[in-house]
Structures are given as structure tokens and as C-alpha cells.
Amino acid sequence: MPMILTAAELNTSLNGRLEGNAEVEVTGPAPIESATKEEVTFLANPQYAKYAAETSASVIIVSKDFQRPSGFEPTIIRVSNPYQSFTRVMELFQQEDTGLTGIHEQAFVAESATIANHVSVGANTYIGENVEVGENVSVFGNVYIGNRVVIDKDTMIYPGTVIYRNCRIGKNCIVHGGTVIGSDGFGFTPQDDGHYRKIPQMGNVIIEDHVEIGANCSIDRATLGSTVIRHGVKLDNLIQVAHNVEIGEHTVVAAQAGISGSTQLGNHCVVGGQVGFVGHIKVAEGNQFQAQSGVPRTIDDKGKAWAGSPAFDYRQALKSQVVYQRLPEVEKRIQSLEQEIQRLQQQENKDANHDE
Amino acid sequence: MPMILTAAELNTSLNGRLEGNAEVEVTGPAPIESATKEEVTFLANPQYAKYAAETSASVIIVSKDFQRPSGFEPTIIRVSNPYQSFTRVMELFQQEDTGLTGIHEQAFVAESATIANHVSVGANTYIGENVEVGENVSVFGNVYIGNRVVIDKDTMIYPGTVIYRNCRIGKNCIVHGGTVIGSDGFGFTPQDDGHYRKIPQMGNVIIEDHVEIGANCSIDRATLGSTVIRHGVKLDNLIQVAHNVEIGEHTVVAAQAGISGSTQLGNHCVVGGQVGFVGHIKVAEGNQFQAQSGVPRTIDDKGKAWAGSPAFDYRQALKSQVVYQRLPEVEKRIQSLEQEIQRLQQQENKDANHDE
Amino acid sequence: MPMILTAAELNTSLNGRLEGNAEVEVTGPAPIESATKEEVTFLANPQYAKYAAETSASVIIVSKDFQRPSGFEPTIIRVSNPYQSFTRVMELFQQEDTGLTGIHEQAFVAESATIANHVSVGANTYIGENVEVGENVSVFGNVYIGNRVVIDKDTMIYPGTVIYRNCRIGKNCIVHGGTVIGSDGFGFTPQDDGHYRKIPQMGNVIIEDHVEIGANCSIDRATLGSTVIRHGVKLDNLIQVAHNVEIGEHTVVAAQAGISGSTQLGNHCVVGGQVGFVGHIKVAEGNQFQAQSGVPRTIDDKGKAWAGSPAFDYRQALKSQVVYQRLPEVEKRIQSLEQEIQRLQQQENKDANHDE
């Protein structure tokens, strides 16, 4: 049963200025190029202005200075930031749809586990001994929650997630499918005979509040102490977080990045896709890393931008990239210089001989 | 119980020319260097010709111009393309072996789900509300299929796969273990206080027909609309496909590559391992990318080859790589030139003084 | 119930020299900066010496030449290698804690499977037909073990792991959560119409003894024959091992590295994070690869170090990196030279004209 909202109701929520039919009803949001007349859309990027004249949407959210084409039919809602307002519209239409209702008959929950009110647990999910699950937590099906794990309230754990023993997940977190939290850190001592001896990994992982973790990430437990993901961190998919790493508050990491053991990222950093950090370094707050960068050492400066492998100053890196692409030509220029210098030397010698 | 085929039967299937014992029986294919006398092998690569004289195989598939060594015992089947014919032989011997037989007693299938004929569902698999599963679909054990997912006929879903609500999988697809389809796109709006606010991810993933997806991939649902994997696409393992990406027909992507949000890859592209694409770009059909490339912008040309991070023309990139490896020497040549120029300048000054 | 050991007991195990209260009791190991008085810590890195004076730990393991600060209270145990001794201490305190006790009532084990003594199988785990599981093997919950898989004794399979049919795992192995072993290799034959035809993947994966594999790795089965991970190999998380790869004994591979089809890594190699190997190459034993390297060809030399993409000699690569970062300046030097040469040429022409 889809939700239905009128243009007037949307306008009230957005605190906008409505022009046109206030009573028209829409059942959901859509992009401008594919919206139907049951939908609401928005125009933020001027590149998409051409679609405005053609859109079938019944309601369109636009900026305050939008020029209404003649004969334009959709109801208009003028706001200061159409993109942000549209995000609000999406939130309005988003209905909770976990498909979960309480503890599924085919879930296994240990008797020693403490399950708060309004918790859902899906089929084929295992919740181990002495686990604590807070209010309003949704654990989907096919999840494994090891012994003594703590999950604080309002958190969602998607299907296929694995959380090893003793790890702690905060409030209002989201963990997507296939992610493994608390697997052993990668620690071995080389022996004299060339074999490696495993170093016990006895710590855990602590994930603070309002953290979102994408699909198929790996977050290793600490050797001792904790691997820590601070408040508000957002991790994309397929990210590697090694043992004893700490990621600072509100830092954002794109897909397939990797952070080696004991490295500390500061608050409010932005890490591009496929970036790698070596182990045992500290990165100050507010640093930004272009995709595929390799970060080889501690960064004490705050708020800088980096690129390259090894990473260096972003603007410098862009310039080096340009020269790199014409290195063969650069080398030819050196050859020309060498030939000309040789000619000048020969001329000089000739002159010298001539002078004698 | 192994399948048994005679050389004559193989020859008929391959439309080849048989020399030797047509009645010899083999039970399976094997590489030339390890085949036993119960096996059939092939010789395509001249580098392996030395193994032909020594192979224990009873049947060997060779090219039309193969020179039979004196005293050579195996039965020969001559074909125009031994490698392709051998692939055909492998198909002949491959017996369906899912280990699945109908709906396992320990599977959970929602009553509202529509399950066609000849569908198998393994143990510990969850099939949600209003899911539609077509004929001859095999869903292995420990799989999670969310509400309203549609899986068309003849498709195989391997163990440990997670498919979120509303996603659609086409006909004759294969999805390998641990892959997550339909997790939330990575979309957040930065707030004035430095926090990030989640943008609802309300779309889905559409996978067309004859698509194969490897193990532990992540394919995010669209913010609105669909992330689309077109007909015949082949994805290797550990690949990241972000929200609203579109991958064109018959494009092939190697392991650990990543495609950022809203990027569109054309048809018939070939993407190497660990390649990264930035978001919001379009790549025309038939482009090829060397492993570890980083693709920073839209590519309008068709059928070109690329390498490097950022990626540029493949041949140019190979040349730049060569010069890069001797950059220290290049710099020394510049130093020599500078010293020689300085000497010439000094000489010039001396001459000038001398002239005065 | 925590384990309790006295300083005297620790000292005996470490074969050390004790100074101070031999009867003091500790319940576990901790890092020097966070240890409480119930814990034992160590000092190996001189950078942490400042913490020694402040630590609350009751026992501290130090090197033989440690200078005891005046008024220093903890019990001291002097050893030749504090780091190695502390690893031993961690092993002493590590208590087996799988939370597993026999075959869980909610596990599915096929009747044809052979399960040795002292095997544990967790809830929601599937063990297929004709599987063989050796003594003391622990298979956690939510694991899928396909038909005819063999798992040798003393091995641990963590939750969420998927092992496809016919694969073999050796003794004393550890496989972490989310890892997929035996998925199809990525093999397709391009057809004349631009479609790809799947090459059957009929081989398996063989993992020898004492191998540890991290979380969310993908190890593909061979097309024919076996993908082989040799004795003592250690793989970190999110690693791609393609079909028919062989990884030599005691080779160590860091997170997110990828090894393409049919490539053979020698024994005792060390592979950094996010490294990529192209297919069909051989790497001799003892080679080391810096993080993010791309290895494009066979390496016959043993024991060398490599960096860069494409990878070349490590020391050379470090030098090239330095010059790369100032390429724009290098190009300016060439421009200056060109200008000066041009001036000299003009001067030469002027002189020549003057001479006439």
C-alpha cells in the first residue's frame, strides 16, 4: 500500500512556496527524466533543465529563481536548496520495510541473551550466549552474532553479517550484508625456520553511534584493546580495517579502501575509493585522499588534500600527472638538448683548433 | 558415478577427424601434463607440444596440422580449434551437481512467495514475502532473498548470497557465494555541524539475463530508479558496483574493480583487475582498461585502450612507464646539461672579456 | 571466569629473571599505556619507555638491560626478547572460546557425511553429502560446506564461510568469516557475436596444512586440476585468488591483494596490501612486493624487493617516486635549458654573421 501525499502537504514539510494545484497527489519521488504523473521530482542541476519542460511529474521542487516555461503544468514548490529538500521528500516517503516481525521461529537466540523490547530477529540468525540487544534493534535473517556481543538500540544488522564474540555496536548504526566484524587481526611472528606463528588476537571491535558500514567489509579485532570506529563514521563497501585501527568521528571512507594495522585516522577525513594506508601512522583531522592514493607516513597537518601512490600534495600531484603523461616527449627534448650541446662543443673545439 | 564417453562419441560431438582407436573410453577432461589414461586432453599451445609425446591420455584433441610423433599411442581427434573443442568436451562431461533436490526441509519459504516448477532451495535459506522464483532456479543453502525479489528461470544462486528487497535477477544468471545485491548506496548529505545525514536509498538493482557475478561482490541499490547490469555481463569476484551504475551488455569486469556512483559503462568493455572508475561519468562501448587503471573522466571514443592512474592512452602509457623507471637517470642527464651549459656560458663570458 | 597467573608462574614459562613481588596475580595481558593493576604488560619499543614509569600494570616484561626507574613498583621479568615473550604470555591467557559444543540442534549434517570425534558444528550450518570432517574441527554457525568437501583435523571454520563441493582443507587451518572457497573461476570464450560462453570450472581448491585465510576472501576453483594454497600460507582479508593459482609455502599476502589466473607464487614471498599479479606468471621464492604494486611478468630471481605499477626494483622505484613528485620542476629546468641553448645558437649565428 503506497503512501500518498498532496503537493500542499509536501510544501508544508519543506517550508516552500507552492505554485499550481495544491491538491494533486503523488505516491513517491523519482528522477526528473523518468518521473510519472504519480510522482514528485526536483531540479537542482542546471544540466537537467531541459528535462523540466518534458517531465511527467505532477510536482517539481525547484530553486527560488526557477523560470517557469510557458504552458508548464506541474505544481511547483520553490525552496532555497532543491536537492536537500528532495532528500527530505525521500525521507517522507520512505516507509520502514524490514519485513521483520519479532523473533522469527527459525532464529536461534541463546537463553542467556538479553533481548530488549521491539527487537526483530530474522530466520536462520544465530544470537549467542550473553549477547545484549537494545530496543528497536533489527537483526535480519542469516546473521551470526557471537557470544557477549552488545548491540545498542535502534541499530540495523542486514543479512549475512558476521559479528565475532565480544564486539560492541553502538546506537543507530547500520551494518550491511556480508560484513565481518571482529575477525582475527593479521599478526604472525616469523620463526627461525621460516614458518609463521600466530599472535593471539584477544581484543575486540568497538563501533560507536550513528556509524554506517557497507556490504562485505572486514573489520578485524584488536590484538589487545580495541579496533575503534568512532561516532558518525561512514564506510562504503569492501573496506578493510585492520587490527587496532582507529577511525575518527565523521570520517567517510569510499569503497575498497584499506587501512593497515594500528593506523589512526583523524576526525572528518574523506578517503577515496581503493586508497591504502600503511600501518602504524597517524593522520590528522580533515585530510582528504583522492581515489587510489597510497598513504605512506604520518600526516600532522590538518585539512590537506593528497593524491598519488605514495601520496603527496594534491595540487602538486595533478601537475606531476600531466608531465608523466608526456614523459616520452620530455625525454626527446633532453635528447635534442644533448645533441645540440654536443654540436656546440664540437663547434667550440673547432673554433679552438682554428684559433691555434 | 562418472560419465563415460568413447573417442567416437567425442569425435561426433566435435565434428572432428578421428585417428586411432575409436572405442577407447574416457571419464573426463584433464590438462595434458597431468592427464591419466582414463582422460581426454588437448594440445592448442605449441609451448605444450613437448607434453604430447609423454601424455598418458587416451584421447587428445589437436589441430588439423598436428604432426603425429612416431609410435604415438593416443587416439587423435583433429579439429580446427582445439581449445574451443576442448571447452565443448568439458561441457559434455559436466554433470549438474548442485546437491539440491527440491525445497529443503530446513529452508524457510514465505507462504506469499511464488515458486515455479523444478525449483530447488537449500537448507538455511530464507525466501521472503511475495518473492517470485522462476522455473529451474537453484537457490543453494544459506542464502537470503528479501521481500518482493524476482528471480527468473534457469538461474543459480550460490550459498551465502544476500539479495535485498525488490531486486530483480534475470534468466540464466549465476550469482556466486557471498555476493550482496541491493545494499544501500553510499549517499550522505554533509550537515553544517560536520555530521552526515543519510540519503534514503529507495531504488533497486536490476540484473538482466545471462549475467554471471562472482563471489563477494557488492552491488548497491539505486537511490531512486535502478542500478542496472545488462544482458551478458560477466563480473569476477570482490567487485564494487555503486548506486545507479549501469554496466552495458557483454561487458567483462575483472576482480576487485570498482565503479563509483551513477557511472555508465558501455557495451563490450573489458575492465582489468583493481581498476577504479570515478562517479558520474560515461564510458563508450568497447573500451578496454588495463589492471589498476584509474578512470577519471567520460570517454566518448569507442574501442580504445587505456592504462595508468589517471588512465590515458594505453600505448602512450606503456612509453611513460618505461621513462618513469629511469627518471633518476633522466634527472642526471639534465644535471649534466646544466653543468655543460654553465661551462659554455662561462666560456662565452671569458671570450667576451677576452674580446674587449 | 578469567584465568589467573602469578608473576612467578609467568616467569617460569618465559624462562626469565624476576625482580619484585613474585606472588602478584594478573588476569590478562594489556598494552603498556592502558594496562590496569590486574594486568601484565611489556616494553619492547624504546618509544614507549615513557609509559613504563606511569603504567598501572602489576607485572612488566622488559629486556635484560632495562633501567629500573627509582621507585618503580611493578614486578619486572627480564627476558632476551620482550615482544616474543609477551606473545607467549598472550598464548597462556588465551582460552579456547568458540562457544561451540558438539553438533548444534539447528545444524544440518547430511547422513552420508563422516564426522570424526570432538567436532563442533554451529547453528544454521549446512554440511553436505559425503563430507569428511576430521577430529577436533570447529565449524561455527551459518557456514555452508558443499558435497564431498574434506576438512582435516584441528581446523576452524568461522561463521559465514562458504566452501563449494569437492574442495579440501588441511590440518590446523583457520578460515575466517565470509570467505568463499571454490567458486567458479572466471573463464569465458568470446563468441563471434560478442557474447561470452562460460568455460566449465570442473576442478577444485586444495588448502594444505597450517594455512590461515582472512575474512571475505575469494578463492576460485580450478578450471581443471586444483587451485593450491601450500603449507603455512597466511592470507589477510578481502584477497582474490583466481582459478589454477598456486601460492607457495609460508608466503604471506596482505589485505585486498589479487592474484590472477594460473599465476604461481613461490615459497616465502611477502605480498603487500592491494598488490595485483597478472595471470600466467611465475614468481620465484622469497620475493617481496610493496603495497599497491602491479606485477606484470614472471620473476626468475629469488629474494628481490619490488614496488610500483608496473613493479620494478624496489630501490629504483623509491628513487623514481622522488623525481616523480617534482616532475613539473624538472620540466621547467628543461625549458630553461632550451631557452639558454636557443640564446647560444642565436649568439653563434650572430658571431658567424659577424665573422663573415
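The first chain written gets the first letter, and so on, giving A, B and C; residue counts start at 1 in each chain.
Throughout what follows, a contact is a pair of C-beta atoms (placed from the backbone, for glycine too) under 8 Å apart; a residue touches a chain by one contact, two chains touch by 3 or more.
All figures in this text were calculated on a predicted structure; none of them were measured in a lab.
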{"item": "Interface sides of chain A and chain C: same vs different residues, half threshold", "value": "different"}
{"item": "Rotational angle, Cα trace of chain B fitted to chain C, multiple of 5°", "value": "120"}
{"item": "Averaged-CA centre spacing for the pair chain C and chain A, given as whole angstrom", "value": "24"}
{"item": "Multi-chain contact sites of chain C, meaning residues that touch two or more partners", "value": "124, 142, 160, 178, 216, 238, 256, 274, 292, 309, 324, 330, 334, 337, 341, 344"}
{"item": "Touching residues on chain C, where the partner in the complex is chain B", "value": "108, 124-126, 128-129, 142-144, 146-147, 160-162, 164-165, 178-180, 183-184, 186, 188-189, 194-200, 202, 216-218, 220, 223-225, 238, 240, 242, 256, 258, 260, 274, 276, 278, 292, 294, 308-310, 312, 316-317, 319-320, 322-324, 330, 333-334, 337, 340-341, 344, 347"}
{"item": "Complex interface listing, chain B residues touching chain C", "value": "28-31, 34, 83-84, 87, 90-91, 93-94, 97, 99, 104, 106, 122-124, 140-142, 158-160, 174, 176-178, 210, 212, 214-216, 232, 234, 236-238, 250, 252, 254-256, 268, 273-274, 291-292, 309, 321, 324-328, 330-331, 334, 337-338, 341, 344-345, 348"}
